[in-house]
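Next up, some structures in structure tokens.
The two complexes that follow have chain A in common; it is paired with chain B in the first and with chain C in the second.
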Partner chain A sequence: MNRVLRHAVLYGMMWASVLVVLGGVGTLTGYVVLRGAPALGGALFFGDAPPLAAILGEAPVWEGIWPACAGTICLVGLTMALALFPGIGCGIYLAEFASGAAARRIRTALDILAGTPSIVMGLSGFALILLLRRTILPQANTSLLLAAGCLALLVLPVLVSVTCEALESLPQELRLTALALGFTRRQMAWKVLLPAAGRGIMGGVVLAVGRAAEDTAVIMLTGVVANAGLPAGISETFEALPFTVFYTAAQYQTQDELMRGFGAALVLLALAALLLALARLLDAGARHRWRRGGSV
Partner chain B sequence: MSFLPAGTQRYPHRLFAGNGEGAGWLLPLAAGIAMAGVLFMVLMIVVSALPALGQSGGGSPFTLEWQPYQGRFGILPMLAGSLALALFAIMLGFPVAFGVCAWLLAVGEGRRLLACGLRGVIRFMTAIPTVVYGFAAVFLLAPLIREGVGGTGMCLLTAGLVLALLIVPTMVLVLEAGFLPRMEALCPGGLALGFSRLELFTLFVVRGGRSVLVNAALLGFGRAVGDTLIGLMLAGNSPQFPGGLLESLRTLTAHMAMATANEVGGAAHLSLFAAGFLLLVLNIGISLAVRRIGGPKR
Partner chain C sequence: MSIRSSRVAVAVRQLSVAFDGRWVLHDVSLECPATGMTVLVGRSGSGKTTLLRALNRLNETFPRCLTTGQVEIDLGEGLVGVYPSAEGEKIPVWQLRRRVGMVFQTPNVLPVSVFDNIAVPLEVVGECPRREVAERVRAALVAVHLWEEVEHRLDADAGSLSGGQQQRLCLARALALQPAVLLLDEPTASLDVRSSAYIEVLLLELAVRYPLLVVSHNLKQAMRLADRLIVMEEGRIRQDISREDMQKADIAALLQ
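Take a look at the complex of A and B:
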């Protein structure tokens, strides 16, 4: 009896947890989808401006989220340009070449970085600007480049750990074969392992893009503003999609603005879902490629 | 005469000299840049916070009052706010995460489709932008709390509920990664002895896996303390000590976001860096603790 009762209570708790999570996420995302869907369309992005002219930057967009989208695209592109080499390079080094002590130190540093709140990374960028203003560059200001640099710090641990995992999950026979064929370790890394792990690493890159696109806290301290128009250069302030969503929630004046906020939130959510799906697809492909017939 | 096919000469990469067994210079350079980035961030925060840490008297950040126009820059209320909100979120979120993990390991085996879907949702939750959670909650949950429970709706309760949902996937993933291998090792034999999956889980897997529980809680706590948007959008942001579930509070992270936005100037900036320093120290402590316990396997 006791056992039956205890099991009933445990089962109840487990089912309740599952339902609470599914219900909570379902309600919040469903609400965004429901309220955001009517706003979707050309007018959401470009307002009254003609789309082509708006994309080319010839017509200013007043009532649309295109400048924010363009800002996010530039920001993510610049972030990845800054983060890809150190991230993937460090991952390869860690998986293939680093000695035990060095690997431990690098992993500790990356663990610390991965655990650091994103706003603290933004703060380090803000501190850099204050320092520059006091010393060599009195006119220094927060900007696209600074935000991208801080975001690069944010995605660095993701890139390193995914690269590392992709390399380490390759079958041992691949290494043995390569070495038996007379490859040096370096040749093996560049010519055999890296191409073999390519899809897994790409999956990590896509995940990192998602992280960079959604983060709001970092850019709040490093140069995002509500009304900048299209990004004008890497030393200028900029708009970004997640900040538009945040700003709307805090400062909206009219129902139209609120609608645009929901539209922007939905676009951001769809972007996140799309990137996640892409990352999973790449990852699944990478796993499938090295699976043997029969066993998993 | 060579029997090697083309392309397998010993030194195909001009970039590298040497015997080809070391890492060359390109990869160490990449690792060096990455490490320099970490060092730069920590140094920037510590150096900027030093003047604030050394300050004493009424303008010191480690006092109880935030009245910037009267020269009082205490951030202790915000520290208390951060801790209260994170602890509340953990108290709500941890049992739920544990329940979900137990369900996946003990019940999900018999319901493949639902288990697969649930895993997918948990993965998806890690990718949902925080700001979207916050945005939806501002217009959905906050009015609900305001009308159903009382207060303004912008309070510890609202922020805690959403934050709990935010940290659930982190904890579920850590718990599952820790428990799944143990469960798999026990399963065929244990089932043959007449234990149910749930019994195996509660009697053996969890008992022997305390460190996994602690790790999950620590990582969830770190995530909760470090989150900016939920606190900023939903907790009300009054710079006061957290008083109750329906009272407004301000977290350290939200404080940092606000203090840079409203350029109050010198001493306010000092308190900002003190707040950043506190957060950094707290999270470094958590990272090192997780590492010591034997964190998520790489």
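Take a look at the complex of A and C:
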């Protein structure tokens, strides 16, 4: 009897845990969708401005989130441009070439970087600008480039570890085959392993893009503002979706503004969900490929 | 019929190999002629695969491997030592492996198309001029009787071929690099009877042109194929039997 009771309690707790998770996610997305959906439409993005002219930057957008969307796209693009090469490169080095001691040191550095709170990353970017202003570059200011640089540091550990894992999870037989064919280690890494791990690495890139798109703490201190319009250049301030959501929630004055905030939250949520789905799809594709390959 | 020639293509001299301080091969010496099939048999753990992998220095890709003794292979200009030694010049390991073709127990196709499985190693390792690649891929596929089966699906994923076709593709990949020696590690172990028979016919054809060293798990197969049978036990060569003596020797008893 005692055992049956214990079993039932454990079973009940397990289901309760599942419900808490599902309930939490459901309430959150349900709330954002319910409040944000009515705001969706051309007006949410462009306000009163004609859409085509607004997209081309010919008409200013005063009451829409298009500048924030454009800012997020530029920010993410620049972040990935800065982070992709060192991230994937470091991953390849770590998985294929680093000796034991070097690998341990790099992994420790990456762990520290991965564990750094994003607000600290933003603060260090802000401190860098202060230092530059006082020393060699008095006109330095927070900007798109600085924000992208700090975000690149934030997503770097994700890129490195995903690249490393994608390479390490390749079957040992593949390496043996390449070596037996006479590939040098470098040729093997570039011509055999990297293409084979490509989909796994792509999954990590998408995750990094999602992380860069949704982070607020870093950009708050490094260049995002509420009313910058479309991004004018990498040394200018900019708008971004997550900051628009934050700013509207804290400072809204009319009901319309609040609705726009919810709309922006929904757009951001949809963007994140889309990226996550894409990452899953790529990952599943990579696994499927190996199972079908029949390698032991 | 014996197709053994008198020229020596592979000479193994006092070869010993250890992994993690445990000796797997003990003082093995062996010579193989320039054509014909030498088949290695023995129970699992007798050192057959290690001996095979010592010839293209593949054992070294595993951690804590120690090799002593020497292996000499004729890569076209007489016998050269493959392991570094005080006297003779040392050939780069990638160059050695390029000229020593190897086929594994499970068909290890690269995760690319049928064409690229041969073309990529040809271009990268074989330094084959781009305009010659297509022709050499075709020639290699013809040599393993695979061309007619894959002619219209060269762009298909190599993993979509049957096991037997994949193994022939691996053989074609090795042949495309114009090997001096072919090493085959239980090439039919993962195949069905029909595919195995096909590979066996292919190996007999190749044995006329190349020196073949084949590890076999199947004694009947070994007897069908071998110009010479090497029986291994606990890392040593127990018997070295020529084709002529094969009928007389009680080989089954040797493997007990």
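Please note the rule applied: the second predicted complex is superposed on the first by the 291 of 296 C-alpha atoms of A that agree within 3 Å, B and C clash if a C-alpha of one lies under 4 Å from a C-alpha of the other, contacts with A are read in each partner's own complex, and residues count from 1 in each chain.
Here is the rule we go by: a residue touches a chain if its C-beta (ideal position, glycine included) is under 8 Å from a C-beta of that chain, and two chains touch if they have at least 3 such contacts.
Since we're looking at a predicted model, the values are computed, not measured.
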| item | value |
| --- | --- |
| Chain B versus chain C as contact partner of A:120, first or second or both or neither | first |
| Contacts of A:192 with chain B and chain C, given as first, second, both or neither | second |
| First (chain B), second (chain C), both or neither touched by A:272 | first |
| Partner chain(s) touched by A:173 [first = chain B, second = chain C, both, neither] | second |
| Partner chain(s) touched by A:257 [first = chain B, second = chain C, both, neither] | neither |
| Contacts of A:182 with chain B and chain C, given as first, second, both or neither | both |
| Dominant toucher of chain A (residue count), chain B or chain C | B |
| Which of chain B and chain C A:85 touches, first, second, both or neither | first |
| Overlapping contact positions on chain A, where the chain C interface meets the chain B interface | 181-184, 187, 191 |
| Residues of chain B defined as touching chain A within the complex | 4, 8, 10, 12-13, 16, 19-24, 26-31, 33-35, 37-42, 44-45, 47-48, 95-100, 102-103, 106-107, 118, 121-125, 127-141, 162, 165, 168, 196, 198, 202, 219, 222, 225-229, 232-233, 253, 256-257, 260-261, 269, 272-273, 276, 279-280, 283-284, 286-288, 290-291, 295, 298 |
| In the complex with chain C, residue positions of chain A that touch it | 173-184, 187, 191-192, 195-196, 289-290, 292-296 |
| Complex interface listing, chain C residues touching chain A | 56, 58, 61, 94-99, 102, 104, 106-112, 120-121, 124-125, 157, 159-160, 163, 166, 173-174, 177 |
| Chain B-facing residues of chain A, complex | 7, 10-11, 13-18, 20-22, 24-25, 27-29, 31-32, 35, 85-90, 92-94, 96-98, 106-121, 123-124, 126-128, 130-131, 152-153, 156, 160-161, 164-165, 168, 181-187, 190-191, 210, 213-214, 216-217, 220-221, 242, 245-246, 248-250, 261-262, 265, 268-269, 272-273, 275-276, 280 |
